[in-house]
Amino acid sequence: MRLQFATWPEVETHLERSTGILIPVGSTEQHGPGGLIGTDALVAEAIAARAASEHDRILVAPVLAYAPAQFNLSFPGTVSLRAATFSQVVVDVVDSLAAGGFDAFYFLNGHGANIAPVRCACHDLHQRRVLARPAMAPLKFRLKSWWEFPETDALRRELYGAGEGMHATPSEISVTQAISTAVRSDHTAKSWTPLPVERLRDLAGDAHEDARLHRASFPDGRVGSNSALSSAEHGEALLCTAARELAADYRRFVADPAW
Amino acid sequence: MRLQFATWPEVETHLERSTGILIPVGSTEQHGPGGLIGTDALVAEAIAARAASEHDRILVAPVLAYAPAQFNLSFPGTVSLRAATFSQVVVDVVDSLAAGGFDAFYFLNGHGANIAPVRCACHDLHQRRVLARPAMAPLKFRLKSWWEFPETDALRRELYGAGEGMHATPSEISVTQAISTAVRSDHTAKSWTPLPVERLRDLAGDAHEDARLHRASFPDGRVGSNSALSSAEHGEALLCTAARELAADYRRFVADPAW
Amino acid sequence: MRLQFATWPEVETHLERSTGILIPVGSTEQHGPGGLIGTDALVAEAIAARAASEHDRILVAPVLAYAPAQFNLSFPGTVSLRAATFSQVVVDVVDSLAAGGFDAFYFLNGHGANIAPVRCACHDLHQRRVLARPAMAPLKFRLKSWWEFPETDALRRELYGAGEGMHATPSEISVTQAISTAVRSDHTAKSWTPLPVERLRDLAGDAHEDARLHRASFPDGRVGSNSALSSAEHGEALLCTAARELAADYRRFVADPAW
Amino acid sequence: MRLQFATWPEVETHLERSTGILIPVGSTEQHGPGGLIGTDALVAEAIAARAASEHDRILVAPVLAYAPAQFNLSFPGTVSLRAATFSQVVVDVVDSLAAGGFDAFYFLNGHGANIAPVRCACHDLHQRRVLARPAMAPLKFRLKSWWEFPETDALRRELYGAGEGMHATPSEISVTQAISTAVRSDHTAKSWTPLPVERLRDLAGDAHEDARLHRASFPDGRVGSNSALSSAEHGEALLCTAARELAADYRRFVADPAW
Amino acid sequence: MRLQFATWPEVETHLERSTGILIPVGSTEQHGPGGLIGTDALVAEAIAARAASEHDRILVAPVLAYAPAQFNLSFPGTVSLRAATFSQVVVDVVDSLAAGGFDAFYFLNGHGANIAPVRCACHDLHQRRVLARPAMAPLKFRLKSWWEFPETDALRRELYGAGEGMHATPSEISVTQAISTAVRSDHTAKSWTPLPVERLRDLAGDAHEDARLHRASFPDGRVGSNSALSSAEHGEALLCTAARELAADYRRFVADPAW
Amino acid sequence: MRLQFATWPEVETHLERSTGILIPVGSTEQHGPGGLIGTDALVAEAIAARAASEHDRILVAPVLAYAPAQFNLSFPGTVSLRAATFSQVVVDVVDSLAAGGFDAFYFLNGHGANIAPVRCACHDLHQRRVLARPAMAPLKFRLKSWWEFPETDALRRELYGAGEGMHATPSEISVTQAISTAVRSDHTAKSWTPLPVERLRDLAGDAHEDARLHRASFPDGRVGSNSALSSAEHGEALLCTAARELAADYRRFVADPAW
């Protein structure tokens, strides 16, 4: 069930069976010369929706489409929330749902820079509840990026090898191609120029860099990704695999004995 | 053009023609026993997308789906951002886009409680820019709720009269029926009980009330609305009319001489 | 009774009879070439004080004299709180008084730009109280601008017609003339230049604009108001009428059966 | 000149002669069984207004009537802003006025607990301006409590000796008696019970204590003050002396060579 | 006992005997041409640690080494937290410890500009606890600067007279010389130029000034202090005296009958 | 050079050679029955200080000793800053140092929960600077946890294998034993009970859990760590190795050609 397409009595019924909810988290930022600005949000929401369509005990909230992405601000069309703002959004979303009876929050992530602010939000949610007098009931949180699921990860590596790269990856481009054919079918990926491995390792280890330096390093917006390898068929396979692994991990998380 | 389905070079091209952007603003809250929790976001985004599909100089950002709605927190499934959080989201979205060259922001609103925090955000955006040294270039903002457009307003009054009411209105339910048939077709509206006019006038004049009192006053979530009058046909007519009026008002706002 | 002229035992006695309080809200901003910078605060406080002088069950707090007014920052002497700051002030004032036993807060407003931040504050006060565990007792709020009272509105339209305009209105100037004769009697209003109706309608529909554009549009600070029509006699009549309507509306709001 | 009774062209003229402004800072809190809740605001504003009435180069802003006073929250009628909120108010007031050309801000204080948050606000105003790139022009601030002026301090000690105490002092009560006769003349001070000196020294050295302990220690709200010694005649003498010393100190502060 | 060198079971044992904790508060800012940037933190922590080494019922937390110091930002190496940030740090430290059972917080201060933000933090901690429903148990706070203890104050005046000055004082330099010989022994103090008394009085009465003006007034960073008078022997004597007075005052504060 | 033991002219000289600074980041939280509450701060600062003692081009700031650690709040003595507060501290520290000329900030981390809030702070620092008009000069950041350095990581795995665990690890306990012998030599580590691998993997993948659940899962505070394996000799070897790798990585980061 998807929250935006549900009625409140349906949510009430869901809560009788499960106090878990699945929240996709995306971004609105450039994804290279041929990738969609909404890629991260579209992909996270699509995987979550697919999982929900196959398991009626999964309730999916609307995607958090705006997120921190300062390193892409030199590309027009990118929107970046401050990490502080985004954390507050997560706090308020959780607080509202917790008041209604939810206590298990699974964030399906589609954008690397979301990890830190979601973790900060969870920290501060926990802290406020444990310091309250009387203390408030504990919540639990899980944050997973869809490319972390083992089979999905193996599939993208099998399909693209080193061409997967780090941003505007062929895997995420493929998923958008699978799901947005009704919207547009012309956003073909373009060729790419490989980047030195050393450079990528530095990026991985550090905080994301200043937007101006970022555009100077990656002039067309992709970070080591051969987006041209993407295809809607790959996208469907990735979507399928990730949705299946998500459903299994979500089920373990909510520890639903009756599933 | 819709931002999430565009590439950054396409946004760059848009900016050469227009520095305006259209941002739909919704909510995620109960809409009565048969209305969708995502109604306000779905409707605002649908009207904006329709306008954009007919006018290629209109760029539509992803909908702000989470918003302040404390008065509905006693109904499960409602999410309410604090007004302070929501204003910060608006500030960050505008700041990001302004850095990329946008300077005219049109908010198409689908939820009454958004008006105050969007206005606060615009106030504080203006204030920071005028107090900066050197002062930053001025921005302009417009905030319209889709039911304010004269012909749309006339149409909903003609269709529903006093049955339109104030929340989970047949007009908004109709638009969701027109656009979500692929998702679900079974969310039929239910019968309603009219409310004393005096009560509604008080609500209109005051700030939205406490969630517990609100649910006590309106046990099934509708506020004076005969949601059962809705139909997908009505929805398509409303969508059409509102999109046409939105496009015209947006054009006046951005003052695009070449339109 | 006015709070600043009361003792705490008198407030304790008031609370035995009524848990309501009336809070005037003004501004400190330019009011045209001849209007007082404190106009909005002076008028709101005067009307509230008049109502309290005639009804001993009304307790009036000191006026909130500083408020958001960024659009007037290009005129020297204007002070503008950020909307976020002002909302926090309202939250803290309500929180303090609620701890002492007040639960019904009536804001008498004298400045249009206060409506949004007061509503945001009320939203967030409600939300925090309903989300607390245990939940806190509900509060109720009403926000009215003095020119909204039907008879007051009729009187100002009868006196000034289209000359009333939108800022530095002859009605508010008249009230300051009625109450500040001891302070200064020389601030005579000056002649005015009418503005195109189209321009005013746009202002009404939009958020308040950037301060630099505002001064460019309205070089002497008035917005379509023929302040020269004002007089102390008018002021006294408006004050009288508004105070009477305020007392009646306040009484309905606190629902005081023993009044 | 008092800002709320001035027009913007008058402020413009003032700025040609002086870039200084005098901001009275008060409180809205209990002042013992017979003292007025607005005492601190009334007294600070009265002294500032008197100084301005005698020196036309002094411009006085409306009093900041709401301030931090948590230790008095156990007495009904007390309003306490959080120190964080109050500091933001001071920051916004200064930012607005600085944008208009003011650069010398003199706070005349009437409430001990204001000192810390005003100093914090000044710290953060300085810090933001010096860290900005390009750096913003420096501002200067002075904060004086009216009872610190040497002759005023000597006078209150001569009049009341140990009976002056620390809260609801006969000196502040006297000034309110001098200025509020038109409003009320019946608020006679009551007898007092002396407190052990040790206790008062502890209070002076520590942060203000918890409100519940405070009321337990000082059940009628006065802290060591023999408020019954007050009189309107004393008040006039104190007002006169403090206004004269304020004017002289303000002049030194703004360093006005043409005074 | 020092918290960073304790285990949690040791803290648990401490709490059975005492619910007090001693928190040294310093700064990281220039201290003249020969003084250490960490002077304020080093001195406050050394005095607290000395007191704890002599009294096993004193538990000392790690020093708050970063604090507000904007007036020294024109000297490289100075770090200044915003007062608002620093107050939040104090709030969070107290909240955490209060949850564990501490209720008496003694701040030993080494930097004048800390007084205001610590007081603001204490105010807001009190306010939140008293306004909570149910109200939270009261806390108590004391804030003392080490140079305020009477014998320590007498000793520094006896040793240095007018040469003590206000910043980079020979007394604080002496303490750093006593404790940091293992780290460095070469930071000899340099000669000084006296400042007019009038100038120093103004500084004392006002908020700390803008960093650029501050460096212009005090080009080498000292404010009226003859740092060259310092010696490690003086430092040891001052450390000894202050630690003894601190222990006695802390004991009175926690009111430990079994001491 | 260590900042707290430097003078401002020495920092000025450092800046002529290098605009980099090394900031250790720790925590103040329980570390099992025998580990020190200050472990994370002591270890990070010790490694940084060792590196600086061997390379005079490394400047080390005082450790950030207080950090987010909500999951340990059920153990007395733990202090947890909210992630939001801690991020603000990092922002202010960087802003201050950047104003003085630093532009390369290397955070040496000793506590896993610091990663998210430091990344958030860096994000928001970048965003503010790139959105400023005129834009501010870019900064660069690196965040490394000391156990990530390859040789250090290999050494701890060689010494402890699976006994290293996740909290109160023998490696960090060993370093504290190496450096705190002067302070205390009696904090011997205790025996441990292994935890199921499944449980640990879940922890690694999720956000840190609620403090009450955390203590229930790990009653003595250690998370899978055989702290009893620690020794001062190991500590010295780890300290040595980590300091050497830190210096090399720091040098690459600041890209100092003259090193």
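Letters A, B, C, D, E and F mark the chains as written, and numbering starts fresh at 1 in each.
The rule is simple: a residue touches a chain if its C-beta (ideal position, glycine included) is under 8 Å from a C-beta of that chain, and two chains touch if they have at least 3 such contacts.
Note that the structure is a prediction, hence the values are computed from the model and not measured.
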| query | What pair in A-F, A-B or D-F shares over half of its contact pairs, by residue number, with B-C? | reply | A-F
| message | Report the inter-centroid distance (CA atoms only) between chain E and chain F in whole Å. | response | 25
| Roughly how far is chain D from chain E, going centre to centre by Cα mean, in whole Å? | 29
| note | chain C to chain F, mean C-alpha position gap in Å, rounds to 53
| Residues within chain B bordering two or more other chains | 73, 80, 82, 96, 99, 130-131, 134
| field | Chains grouped in pairs wherever the two touch, ordered by label | value | A-B, A-C, A-E, A-F, B-C, B-D, B-F, C-D, C-E, D-E, D-F, E-F
| remark: Listed in rising order, chain A residues that touch chain F in their complex are 68, 70-71, 73-74, 80, 82-84, 87, 113, 115-124, 126-127, 129-131, 135, 138-144, 205-213
| remark: chain C contacts chain D in the complex at 2-12, 15, 28, 30-38, 41-42, 61-66, 73, 75-82, 85, 88-89, 91-93, 96-97, 99-101, 180, 183-184, 187, 221
| Interfacial residue positions of chain B with respect to chain F in the complex | 95-96, 99, 132, 134, 136-137
| request: Enumerate the contact residues on chain D facing chain F in the complex. | output: 130-131, 133-134
